[in-house]
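Next up: some structures, all given as structure tokens.
One chain, chain A, links the two complexes that follow: it is found with chain B in the first and with chain C in the second.
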Partner chain A sequence: MLRAFSHRHPFTALIIRRSVVGVVTLFVVSVLIFGATEVLPGNAAYAVLGHSASPAELHALERQLHLDRSVVDQYGAWVGGIFRGDLGRSLANGTSVWSFTEARLVNSMILVVLAGVIGSLLAVALGIAAAARKDTWLDDAMSGIALAVTALPEFVVAITLVILFSTVAFHVLPGVSVFAPGTYAWSGPRRLVLPVASLVLIIVPYIFRMTRAAMIEALESEYVELSELHGVSRVRVLLFYALPTSLPPIVQVVALTFLYLAGGIVIVENVFAYPGIGQGLVNAVNARDIPVIQFIVLVLAAFYIVVNIVADVTVLALTPRRRSRA
Partner chain B sequence: MTKDTHDHYTRRDVLKRGAAAGAVALGSGAFLASPRAGYASADEESSQHPKRGGNLRIGVTGGSTSDSIDAGMYISQVSGLMIYQLYDSLYAFDKNARPQLSLAKEVEHNKDASVWTVRLRDGVTFHNGKDVTAEDVAYTFRRILNPKKPLIGAVFIKKMDLKGIKILDKHTLRIPFHVPFAQFPEVQATYFYFIVPSVGYNPKAPIGSGPFEFRSFTPGQQATFVRNPHYWQSQFPYVDQVVITDFADETSQLNALSSGQIDLAASLSGSSIPLVKAAGGTAQIADGMFYAPLAMRMDVAPFNDIRVRQALRLVVDRKQMRDLVFSGHGIIGNDIFGYYEPTYDHALPQREVDVAEARKLLRRAGHTKLNITFIAADVAAGALRGAQIFAQQAAAAGVTVNIKQVPVSTLFGPNYLHWHFFQDLWAYNPYVLNVENDLLPGGIFNGCHANYPPYTKLWGKLTRTVNPSEQKDIAHEMQRMEWDGHASGNIIPYFIPTIDGIGKGVFGLTPSKTGNYLGGFDLKTVWLG
Partner chain C sequence: MNPVVGLARRRGVGRTGRSQGVLWRAAKTSRGAFGLVLSGAIVVLAAVGPLVSPHSATAFVAQPFAHPDASNLLGGDILGRDVLSRVLNGGWVLLIMAFLATVVGVGVGAMAGIVAAYVRGVGDGAIMRTVDVILAFPQLVFALLLVSVVGAKLWLIVVAVGISHAPQVARVLRAAAMDVAERPFVKAMELNGVRARTIVWREMLPNLTTPVTVEFGLRLTYSIVVMAGLAFLGFGQAPPAPNWGYMISENRIGLVENPWAVVVPALLIALLTVGVNMFGDAVARVSMGAAGRKGELAVASTSIGAMEPPAFLSADGPHSLQPAARNDVPG
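Let's turn to the complex of A and B:
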């Protein structure tokens, strides 16, 4: 009966299946992170009081923070809180986890979305252009530059942009992207330019190369040859015949890129002192601030799961053959 | 950065540029004033005449989400920088690291220094307009020594007889101690005894009597303070607002300075000095008294043999290490601390590298091929580099040093008193305090597990000795024991220079011998021009 259902409603079935697996994954991740933080020497009480604290003071704070309960108890208390909608309070300074991390989450999202969308569109456009002019000097130049850029570490790309546009060559853009706590990054667009540009440079080469390869393969297929013989214009061939066939691998690569961005922005955030979850997570680990660590890691895991689901559904939508499997 | 406008000064308010530092010598209670006949040209003015107004933006590293602006929670330099703007204490360190009267106007003690009588300055108010009284001082001590939640400074004043404190009048109180406490003034100048109001003190939105008032604070990110218009040192502060921003590392901190997004970058490493200059700023280098010793546990093999300890002290080429790590800045260390204190024994011979002697000592101790592990951490600028250089220098004497790097939070975590050979870090505190914490049995930071009864006895005597020249004699005896290796397992190759980056158009910052950055946290003298 399940097979019949998934036969008739392939999208819904896929989403349901993936979501169930996703939820289980989130649980497993949360247990792993809890365990990993416990393995680190020291706990939040140490981090807050410093090593000047006497054992008595430490135990008092540990009791207050419920760190004296068993690990299983602590985990249970935390999970219970999540289901009630209570994310808990930061162990380091008592503010609620949500108010502590909300602006950081939004700011990192801004970077991921801006860089992901701009970079994907740009890379796909360049990939199409390179495929259309395959083996010309333009194609070779673009491929060469893509290879060079992709070989550079993210840190180097970011710092090079800072040197070029902010501190040494030109002084037209801010060198760091500091925002007042709680403000969102769109309030200072100039401070977004260099971080987003760094990320775009970092992600374009991979998508560009995949687009180019997929387009080249599509352009060599029979039905494209046939449409060219029929006199369809080059532009129409590229955009309406070759591109749709190339989309599934391109979508996969774009999805992978968004997944990469979720983790990869940490370095760029670090270079630009950008108030995102990268710094938030590093701070929380140093402070052994378990509720904050858990929340950020779970958001990242959920993001991974959702992006995967969206990518798979999109690819399914773009592949008529797979939808009507016998 | 808003451009400032000229304020109208009375002649009494005009200061010569260098006088800003001298004005901190509050013992005299008088400020150096130099009446000017009239305003000079615009250029001369901007270089000599402190201007009011503006937003002073500061970049710091080493901040964390556990930072606090509670007056009694100086847990890190970042916390210290913030706390210093919001509050005052009875004494304050001047630029020479000597305690000067601050909130206290007069301080007396009885013959054996077991009872201290403090008379407060008149007319000092908290940010809410309330007077600073003796009751507030008593409350502050009770708060620090609260047995249920003692604050950081409790350990140094634990011998205070809280119940015996007597309020003599609105501005006078008598403080008895269970044992004599000759160093009460120095201890009160440290950063643990800032005075808070006895009524209505909320650490989340704190009230103090300091040059700046609390506006906002997000731990690990940013703090904003605004000028206190009724500050008791009435010509300070100059700027309208201070914004302190945490940076994850020095690179982004420097970029912010270079692109003009911050005015001061605190605590840089030596390699950043050319970058600061290239950006048109200046690097202020203070030879301060912070030190990052390589500490040996004196009760475990092989360091329990004094010959091994002395040998390891002799393999260090201190000048080479200092030059490599700090490009020639910083004072060369002699394995004892408190360089600028009156009690420091400059007559002790400066220990020089002597590989031959080190080898001899090791041979006699039976350790010709010593293999040891050093726990390193990025506790301060240059610490990791220093550790690597030490390992190379030790190899010349046949000693193999394996460097194991851990995060700072791990180094100072629960294993802190259990490491055998590790990186330690000591801020400036008066000599007696660092001795108490580091080299006495039961000291809270006694990572060396030092325990030398003659030394402990001398320390007890020192805390009861009021006469400065007698204090010097006792301290010199103690330092000889540290130097000889009986009382201390520390290798102190140098004192850490404090390097701050000052952006264009920022004036009034002067170096402090304490080693605390940004002129000893003294932002009230800074002005933007």
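Let's turn to the complex of A and C:
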């Protein structure tokens, strides 16, 4: 079936093929999420209402959750609801899932985009600098720090920033990022600083190490040697000769970083009480708020799949050799 | 016994203790030695801690967030329990759980990857598509999803974290096993009618000890990170029990009164993960020593393996982070 596209431009063919695989994966993922949350011991209604529930209450909630229908019907109702924009109601507080998650989704996006963009630019700059000064004390120091920071858990990084900038050492920034329910995070930029800084610190080492490694490989190649012999300036060699060749692995690690951020926000948002979907997910897991869990996990999985496709297409666009090979 | 079985061993390509060699050589590099000593010290502290703890970890012996004094060297925590005693008692469960999760993850992942590489065809497809689906979840989110189903049971957290590792291990080991499966001694045994199970476990696995060891080191770091993160979020032992991860979140509001209740557990977790990661990195470097100029990129890629993308990106994608995975395009 997919072969039918191969006569087209390889670019179009790739996008179509990746999208089809992505949609299929998302479907399987949705079945898995639904299946996992449906095998709750007892049933969801019981889990929510607890021991003191009367049979009538249980029955009413079961009807509301469609638990009196078959599993396939329930799945159909859930997915159909998503397509109609009806995500159901939160079991914890009765509000609609969408009103619970809407502002949180936006807030998490702000966090991911800010941290991802700032972190990527910073890390690529540092990586180029380290590669240009390979095996000097500067490179050794940066590489050593990068290796150490890579291993640090998110909450250790975040809590260190809280200790340094909002409690023990200095008190210059808010240590929690509490916003009124339903408000967006840009209403308090100061409260964004520490969560974004934590995520930046966590992602920089990965991109830095990959940039450094890719740049070193490019700098050792013959064409760079030749261009240096031709008297091309060092800066020009770095930015216009070595960097373009190094871009595919860098783009890929940046994509991986965005994937990582989808999980990383869960911890960081909870450290700062930042009202995003990561905090929402943990609250929902604690409350066994199944409709909310299902939706947030589905959104994160969809984000994963989309970022992968975008990364894949970008890498192809940056690799002329592969682009021309149909 | 079929004479061909053991051929690999006698030729010296099989069980020659290469993984021990890799560990030993890694321990002799300065980075590896540093990592080993650092993580070893924390493991000893966590193991011996309960024996030398001055107070019970759950007894109320001080004022909440009391400053350090002679009887409470690190002061009191949120409920007035001795911080030092909670630190000394709060590591071993976390360590054992992280270790078990790594064993589960590397065990299941390696098994799936090697079998997929050997059987090829439909079985390979089925295993690797399962891997793709699990890889579509962030690791922590996958663990949270499983925890939301059954509740924060310790065994479930171990299994959940383990399973969240398995896909990445499976992909690395599948790529490595593809290579081994092509070697003449495997073909020779197949032609001699040796059973598939014998070939896979007795002949292929011993040739894959190095990638398994490298994976184990990497996964151990992330197991500790994810496990401590889950504990931090409250998905660990039930409340009165001490746990470094949870100590950080429960004592956070007293950061100004008694910072030690947060700083010490955070520092211990940091030293542990940094130490394990340095040793793991040394093992990866040593095992890739022969790769020469490709070394830098390969090592950087390996340590990024934990954030690896789903296979539909890289298995047949334009550029793979894992150099070894480039030739494993399913037929």
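Everything that follows uses one rule, which is that the second predicted complex is superposed on the first by the 304 of 326 C-alpha atoms of A that agree within 3 Å, B and C clash if a C-alpha of one lies under 4 Å from a C-alpha of the other, contacts with A are read in each partner's own complex, and residues count from 1 in each chain.
Just so it is clear, a contact is a pair of C-beta atoms (placed from the backbone, for glycine too) under 8 Å apart; a residue touches a chain by one contact, two chains touch by 3 or more.
Note that the coordinates shown come from a computational prediction; the quantities given were computed from them, not determined experimentally.
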Which of chain B and chain C A:V282 touches, first, second, both or neither: both
Chain B versus chain C, judged by how many residues of chain A each one touches: C
Touching partner for A:V112 - first (chain B), second (chain C), both, neither: neither
Partner chain in contact with A:V204 - chain B first, chain C second, else both or neither: neither
Touching partner for A:L247 - first (chain B), second (chain C), both, neither: neither
Which of chain B and chain C A:A60 touches, first, second, both or neither: first
First, second, both or neither for A:V124, with chain B first and chain C second: neither
Partner chain in contact with A:V268 - chain B first, chain C second, else both or neither: neither
Partner chain in contact with A:L147 - chain B first, chain C second, else both or neither: second
Contacts of A:I33 with chain B and chain C, given as first, second, both or neither: second
Doubly contacted residues of chain A, that is, touched by chain B and again by chain C: 40-41, 159, 162, 167-168, 175, 270-271, 282, 284, 286, 288
Residues of chain A touching chain C in the complex: 18, 21-22, 25-26, 28-29, 32-33, 36-37, 39-41, 147-148, 150-156, 159-160, 162-163, 167-168, 175, 206, 209-210, 212-214, 216-217, 220, 248-249, 252-253, 255-257, 259-260, 262-264, 266-267, 270-271, 281-282, 284-286, 288, 290, 293, 297, 300-301, 304-305, 308, 311-312, 315-316, 319, 322
Residue ranges of chain B in contact with chain A within the complex: 64-66, 68, 75-76, 148-150, 152, 155, 216, 218-222, 224, 245, 247-249, 251-253, 255-256, 258-259, 261, 278-279, 407, 409-410, 412-416, 444-445
Interfacial residue positions of chain A with respect to chain B in the complex: 40-42, 46-52, 54, 57, 60, 90, 92-93, 159, 162, 166-168, 171, 173-176, 178, 180-182, 270-273, 275, 279, 282-284, 286-289, 292
Chain C to chain A touching residues, read off their complex: 132-133, 136-141, 144-150, 221, 224-225, 228-229, 232-235, 245, 248-249, 252, 255-256, 259, 262-263, 266, 269-270, 273-274, 276-278, 281, 293-294, 296-297, 299-301, 303-304, 307-310, 312-314, 317-319, 321
